[in-house]
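Okay, got some structures for you below.
Here chain A shows up in two complexes: once beside chain B, once beside chain C.
And then the complex of A and B:
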């Protein structure tokens, strides 16, 4: 093992950080799509249709024990095959980042559905009933009364889920995507396997900074949104 | 879709389940006492150790599991080699060690950090009056912890311990990077001969679904068992 080279450690940042936008783009798009899907699933779980309830609960249950890497490979290898066989659509030439975004969105939709559901249920139903009583429509009652309260409750768990998503997005390099991890991996290969300690350590620090940014901004937002609210936003600890 | 391959690989991968279960259970069992110790350091704010504990927890929770696995697997064996053979002259064949050992070390380190946060939040939910009352009736501080605080904290910690165990179980699917022959590695190797990757990953998916479901059932029973006193009070 070559001795730890501090100079090399610093140079890793310069070589890896240019790929930060790729990582961030994947994270942001995955958050958007998984939130949309998560809302649909949460609605299905809370809705009155028995079919939708079973489907959405089954989805959450199955995805809960699926390792991210397995879903990533299933989407990467299986989806093109499935579409080619069933609909005769060829997506083999799609960019790898699209497969990563699909896999992460599918995976985290189930987590976010749980977050949204518990946040919605934490708001007292009396709030909605009172809003309907004073003449608001069903949509207005949700949009103006329930949602603002539910967001405050959902925020800590949402931030935890986002932190977990960022960590799992690091797996994208195994299917050959050139993000930060991929760039670091290439860097080690170019040095014939040397300096792996410096490279991985630098990557760990970058991920740590991302984590702290998410953590702190969630804390700040929670304080900001919670202003003027009297309901206790008790957050269940979610282990990332 | 190659159904024959799907079934054959399924049974091949099933035979690797003990390795996956061993890594998961060993890591969590090692993590429980050490995680509790770390939580205790953070709650009592023990001097010097406290900042170290906080930085360790944050780093472990913030870094992706792949990165931790790669980091430790690429440096830990060489590091141990330098210490044990070049400094201490023990002449242990570090590089021949079963990679399962390294996997258990890495996942334990992750489990310790996460469990310390679970225990910390669980202990903080217990009313300090409980401890004061225990000390008042003549229990020693250790007895108060052991008999009053831990049994109550465990009830609120069990769902989170279950979540963590599930995450470690899912994380073991990355142990193939350390050349551990667990479920994912076996199925992947079988697929690499014939390029039936989709079938192999469907097998892994099914096995993890079964293992995850069993784990959730076990933890639901544990939770019910540990909160049995609570239910009795409610019934009265």
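And then the complex of A and C:
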């Protein structure tokens, strides 16, 4: 094994960063789709319909106990077969990134459903009742009063879930997706297995920077959205 | 103005309200008393359909609602005539004091923004909190929060205000200010139903006192006869059980408020 080459280490950034947009696109689309699905599942769990409650609870149980890499393979190999056999739709020529997005969305919808559910439940029902009594409709009471408070509660857990999603998205290269990790993996292969330390170190640094950005923006959002709550904890003593 | 007939409510097998009849006239302040578990709060929340009753008839002016067949639009129409003050305030935690008052005016009642601001400011002034307009609920003391709660209900100018134990969650020294605000509303001729444990307040402010026990109205009368000449054994027992100390204490808090 050749010694650690700082020059190679620097060159890795130039090799893998062009694929950062692929990684980011997969992450962003997965966050969007898993959030939408998560809302539907949380709604099912909180709703009054017994069928929906059972279905959504079952979904959360199954998906939460599936390892990401297992689900990734199941979706990649299983979904085309399933669709071909049941609906006669051929999706074998779909891009690999689509399978990754589907797998990550399915997986993180179950985590996010739990985040949304507990955030919603943390807002006292009295808030809704008070809104109804000043003439708001159920929907207005939800999006003007309950939702803004639930978002503030959900934000730290949401950021944690997104962090987990980003890390799991790094697994996508196992089905041959050419994202940032895939580019790094190719680079190592091209060097016959040499310089893997430099490559992975460079990748780790890129992920660290990614995380700092996410952490800081979550903190900023929390502060910005949670006016009523955060200011209170600081200046309550002054007023009272 | 408001007439309720045979209001019933069951939780599982337990019958909480066994048929309440009550009548409230324009300008009346009705104090609803009774031991805990007698169903006072359940009844008040039932009137506003927050926890709907099982059966009975509510007549409000020309609107007659059969509880069993009430539609969402019936309920909405009824609620527009009502203001509700909650035991634990339920101020919108994500809005400032003045936004709490404006919310119902702008969104619920389609009042223009400048007009809503004017009315909300006036409502806060009335409860003595205009300088707290831009404070969030978490920055207010319990007494201040409840006064904002009352301002929020009163600003919509409802025909009746329902107050559910408005001072029960407050520290004793904050009770007086809130009672004072309620008394002001009474003096203005507001119609109100107040569920309360403040005997001195009920005696002084109410036009009618209703005593509930075990899901039934046991006795109702104008305050002087109610307290000085209780008829039913159950009410006699209730009044004697509220210890002399307690009454003296409440009176003290209340008189302090009146003297201000």
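In the analysis below, the second predicted complex is superposed on the first by the 228 of 240 C-alpha atoms of A that agree within 3 Å, B and C clash if a C-alpha of one lies under 4 Å from a C-alpha of the other, contacts with A are read in each partner's own complex, and residues count from 1 in each chain.
The working rule: contacts are C-beta pairs under 8 Å (C-beta built on N, C-alpha and C of every residue); 3 or more make two chains touch, one makes a residue touch a chain.
A quick note: this is a predicted structure, and the numbers were derived from the prediction, not measured.
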After superposition on the shared chain, which partner residues are touched by A:148: those of chain B (first), chain C (second), both, or neither? second
First (chain B), second (chain C), both or neither touched by A:176: neither
Is it chain B or chain C that touches the larger share of residues in chain A? B
Taking the superposition on A as described, I'd like to know which of chain B and chain C A:18 touches: first, second, both or neither. neither
Of the partners chain B and chain C, which touch A:130 in the superposed model: first, second, both, neither? second
For A:81, select first, second, both or neither according to whether it touches chain B, chain C, the two together, or no partner. first
If you stack the two complexes on chain A, which partner ends up touching A:47: first (chain B), second (chain C), both, or neither? neither
Thinking of the overlay built on chain A, is A:140 touched by chain B (first), by chain C (second), by both, or by neither? second
Show me the chain A residues, by the header's touch rule, that chain B contacts in one structure and chain C contacts in the other. 239-240
Of chain C, residues touching chain A in the complex: 48, 50, 76, 79-80, 82-84, 86, 88, 90-96, 103-104, 107-109, 135-141, 152-153, 156
Touching residues of chain A toward chain B in the complex: what are they? 1, 61-62, 64-71, 73-74, 77-78, 81, 163, 166-171, 174, 181, 196-197, 200-201, 203-204, 207-208, 210-212, 237-240
Quick check: in the complex, which residue numbers of chain B touch chain A? 58-59, 61-68, 70-71, 74-75, 78-79, 82, 114, 117-118, 121, 160, 163-164, 166-167, 169-171, 173-174, 184, 197-198, 201-202, 204-205, 208-209, 211-213, 215-216
Okay, in this complex, where on chain A does chain C touch? 124, 126-127, 129-137, 140, 144-145, 148-149, 152, 227-229, 231-233, 235-236, 239-240
